[in-house]
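Next up, some structures in structure tokens.
Below are two complexes that have chain A in common, paired first with chain B and then with chain C.
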Partner chain A sequence: MTELLTVDDLTVEFTRGGAAVRPVRGVSLTVAPGEIVGVVGETGCGKTLTGLSVLGLLPPGARASGSVRLDGREIIGAPPSVLRDLRGRQVAMVFQNPGTAFDPVRTIGAQFDRVIRAHRGGSRGRAREHAERLLRDVELADTGRVLRAYPHQLSGGMLQRAMIALALSCDPRLIIADEATSALDVTVAQQVRRLLLRLQSERGFGVLFVTHNLAEAYDLCDRVYVLYAGQVAETGPTAEVFDAPAHPYTRALLDALPRADRAGTTLTALPGTVPSSVLAVTGCVFANRCPRAEETCEHSPPPPAAVTASRTAACHFADTGGPA
Partner chain B sequence: MILDVQDLLVRFPGVTAVDGVSLSVAENECFALVGESGCGKTTLARTVLGLQRPDGGTVAIAGTPLAGLRGRALRRLRAQVQIVFQNPYAALNPRMTAGRLVDEPLRLAHPDAGRDDRRRRAEELFDAVGLTGTHRSRYPHELSGGQCQRVAIARALAVGPRLLVLDEPTSALDVSVQAQILNLLDRLRRTRGLSYLLISHDLAVVRHLADRVGVMRAGRLVEQGPSAQLLDAPQHPYTKALLDAMPGRGRAALLADTIEAS
Partner chain C sequence: MTPGAMPRFLLRRAGTALLVMLGTTFVTFLLARVVPANPAVSYLGPKARPDEIARIEAQLGLDQPLPYQYGRYLWDLLRGDWGTSIGTKLPVTDEMFGRLPATLELLLIAMLLACLIGVALGVVAAARQNRFLDHLIRLLAIGGVSVPAFWLGLLLQVFVFGGLGLFELTGRLDPDLEFTDPLREITGFHLVDALLTGHLTALSDAAAHLVLPALTLAAYPIGVIARMTRASMLEILAADHIRAARAYGLRERIVHWRIALRGALPPTTTVAGLTLAYSLTGTFFVEVVFNWPGLGLFASTALLNMDYPVIMGITLFGAAGYVLVNLIVDLVQARLDPRVRLS
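Moving on, here comes the complex of A and B:
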């Protein structure tokens, strides 16, 4: 299968107080055309930077190495002209907080006009027709009102729909969604998830869905990558990973979730924290919190190993025997 | 009853934020208020804390009506009710160490206590929330989100409250840390006989912690009952919509979903 997105051994490095920090360390992932791929993990696991690197939008001072190829074209080190060409037409982003992702002093209409004409050219009238079509597609019926409105005049749910419409304005082949529903109320978040799924099935774009919400990834994603401390702990088809996690970290995350059948019990919380300096860790970066860690884990970092044909886990003692 | 709210009415210009709500929280009980932004749950909590004056109805803490209390009497009653906020970084003074943050309410609660006495009380509180002596000298930015929330809980406990208002206490935390804090809250309730008014939009958290649940929408309590019963067999269409919006039931359930924009 020809991949739409291929991230290969991506490392992102900063210098903080004279020392190197690497929030992303050798992440590899793929998204096929029309596939929804989840990147899940907790704060600081590197999921957001992984998403941003696909747009060439890493913050100042970040140095990326490895390879990020979108439809065969390399993004790391690409000149601004190439990135400009890729953004919008090939890849677009939906951010967490639509209230800050839009320019507060311009109407929604002006922002659609600018993006559409910058990427597709044409007249203001044509751009407006296109914007209205897009807004109807994301189920915003009163398009005139939305286009005349400033961002603060719309609800969070309406803004996030408008953000998705804007992202789709140049028919990108890949959407990066970073915590796209996290700032929304529960019923609105569910509507946005359903909308994304409907649009994806109609238009066939690929999605890199970055989220901390495991339940949301379970509903939306074909495959997931579970990140821990800047590395892929485990990857595979969503249902398989969640039903029978192979990596102890994935299992720990799922065990920590409050659920109906765990009401009134003590939850299995993950002890400890991510090592403060992961670069100083010589073995497995999860070893200090892992219930299964043995001596070998302290000394040798586990490489990603196949669990089944479609799954890998970076663990010396990966669970290969189905549900425990 | 630790908390008794009757026909509570709070109006802001152009909107009735709390519209005739009655609820009560018994000794050692956890009552959860669920609902979405703007439903009035935070206004209700502020009124319970005496931070918002009601336009009608009554709030009584441990049998004493809040209305009409002033000065020392109000302060004494307020010590019975404390709050833990959603974002612990924003709730803690960044220029104070964890030790000072916990000492501050101890001074208020025990004005006659000496340094050693307060120190002993602080140690006991740190221990109760699962922090160690090494955390005392740290500033909030040197602590993790979960550790900050533990400091915030220790501060709330310092004045000896009987009721804690928990306003989205784990929403800003990672899953693994959330589990730690939920376990801590569960333990504190049992060991200290506390009552909780939990405000949350996360029905999984609510089910885990709460004995009873009230569902709020547009200022009104549309449904209340024992949590397992209410969440397993919701009666009000809005409660059903909230339950249907919970992710984690798979793609088929997501597509089959029929909730409409509200």
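Moving on, here comes the complex of A and C:
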């Protein structure tokens, strides 16, 4: 197995008000070393929980089943000491909101010091030198000032750079970026994306890039997984999936984007909503909103089927060819 | 961080404190003049003749217009003349400063107990949220807040001293000690004086006298601090940066005690300060129940005797204490929370 991360049939379950809720249902995905893999989908499709599962960091009350293997080591059911060892060193996370992901009452420097020395030991001085190197690497110029600052004294862009530096502090092989640019201004977000790409090509870590922003996924990712209602709707190389979507949901998502070459036309919105209880749906979960749904879709859930050698789509009527 | 930030912050808070104090003098002055009892009569006793009353009124300045009286009152306060106790005929300031150490010692020990016990209970309750221990601690906390101090004091006297024979019932020191081996007063704090003079008998005796009144006084702050610590711990444990700390592989011990508790300290300090100030009033009851020779006992007597210079003095003193504690809390808060310090 050459994969860095293998998620196999991952299901996450909660109990809410006596009823079982399954925000993630049988998701399988892989990330190869040095690969940037996107997980896209709308809010509530289970993409963040999928990311957190890789760190073994699900919220209290959530139960995960299936398998999540990082470099061959199973994460689901692993004891805390093993998880602690993996977190930071093998896999690190860049969070959506840099303003709240740092401890508000400690300086950035103190937080770098804590993480670096928790994993690498050594003196405060060594940790500080390492932190300064990391900050320069994420293009933060005045490293001394950043390290002395409290989180509320820095801008969102600077904090997110610092967060990326912190994530890289112990040379992890996989970075999980959970909506890492969503809270930033568009120009700053673009700078952070460029930074992430540069660091990735220099250091060669794999990235699981969770986003609802299709343009961003198109820009960054080698491959994408499109999630809908906790399941993988479609997967494949980014360019292929976006240029010729095989699943009606992917197509609907792309149609909903504003495009320069369609200026003046009304944007297409996907009618309907995600079923409130997806567990009650016996057929395809997308059937109630799907323009191509037929009778079979109501009764039998479509298994992921190969569209081409590198692509799958979970649809009875997957588009297997033709221009978009 | 700009270098001038801290002094400016200090100045602003001190300015507010001064304004509050000025407002308090106005209230104490008005209260003493509004109370339907003629100070001159209470000074002279019930059988005073009208001409005597008029003479004393003139002597105390009570025949002057109120604004003039207020101005004189303020001026006297500033000069350190807080009036003369009607009961003891001694200067109010002497009476108060003589009793202050006893009250402060009781109050500080009670707050120390309250902070240690309250924070510990709060942390444990948060770690065991919605389990048996959490429910028990919350019940205790509610009890501590709702039980009146005079009743709790009596209970402790009956059951702990009377039933178990532990600690001491009333007073600050065994009266016999005065004759056999007197404690030399240096600071007025018996524990400190006993330590300074190496008087171990007095040390243990003073401690034994302190336990029950201090516990009684601490009950309310323990309840408040435990509940506040629990609530802020729970809030912080659910915060993003706690999840981030875990995501970077930090140990649960560090996450709980270094990060979460550290974050819970600023709000806990605030309520601890507020309850400390509130407990100044609590000493009135506790000192009466335990016959503790402090400001509270003195004030209770003064209240019953309509000894208005003492009442005004104590009120002002209490307000000053309240303001001072809040000032200290603000400063501690600024040390603990950079967002307060720098905004």
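As a convention for this text, the second predicted complex is superposed on the first by the 321 of 324 C-alpha atoms of A that agree within 3 Å, B and C clash if a C-alpha of one lies under 4 Å from a C-alpha of the other, contacts with A are read in each partner's own complex, and residues count from 1 in each chain.
One rule holds for everything that comes next: a residue touches a chain if its C-beta (ideal position, glycine included) is under 8 Å from a C-beta of that chain, and two chains touch if they have at least 3 such contacts.
The shown structure was predicted, so the numbers you read here are calculated from the model rather than taken from an experiment.
Looking at the shared chain after the overlay, A:101 reaches chain C, while chain B stays out of its contact range.
Of the two partner chains, chain C is the only one that A:85 touches; chain B does not reach it.
Applying the stated contact rule after C-alpha superposition, one finds that A:300 touches neither chain B nor chain C.
When both complexes are overlaid on chain A, the residue A:282 reaches neither chain B nor chain C. By the touch criterion stated above, A:118 is placed in contact with chain C alone, chain B being left untouched. Judged by the touch definition given at the top, the superposed model places A:310 against neither chain B nor chain C. Of the two partner chains placed around the shared chain by superposition, neither chain B nor chain C is touched by A:15.
Applying the stated contact rule after C-alpha superposition, one finds that A:166 touches chain C and leaves chain B untouched. Listed in rising order, the residues of chain B touching chain A in the complex are 36-37, 144-145, 174-180, 182-183, 186, 201-205, 207-209, 227-228, 231, 241-242, 244-251, 253-255, 257, 259, 261-262. Listing the residues of chain A that touch chain B in their complex gives 42-43, 139, 156-157, 185-191, 193-194, 197-198, 212-216, 218-220, 252-253, 256-260, 262-264, 266-270, 273.
Contacts from chain A toward chain C in the complex involve residues 55, 57, 80, 83-89, 92-93, 95, 97, 100-107, 114-115, 118-119, 148, 150, 152-153, 166-167, 170.
Those residues of chain C that touch chain A in the complex are listed here as 1, 239-241, 243-252, 254, 258-259, 262-263, 266, 336-339, 342.
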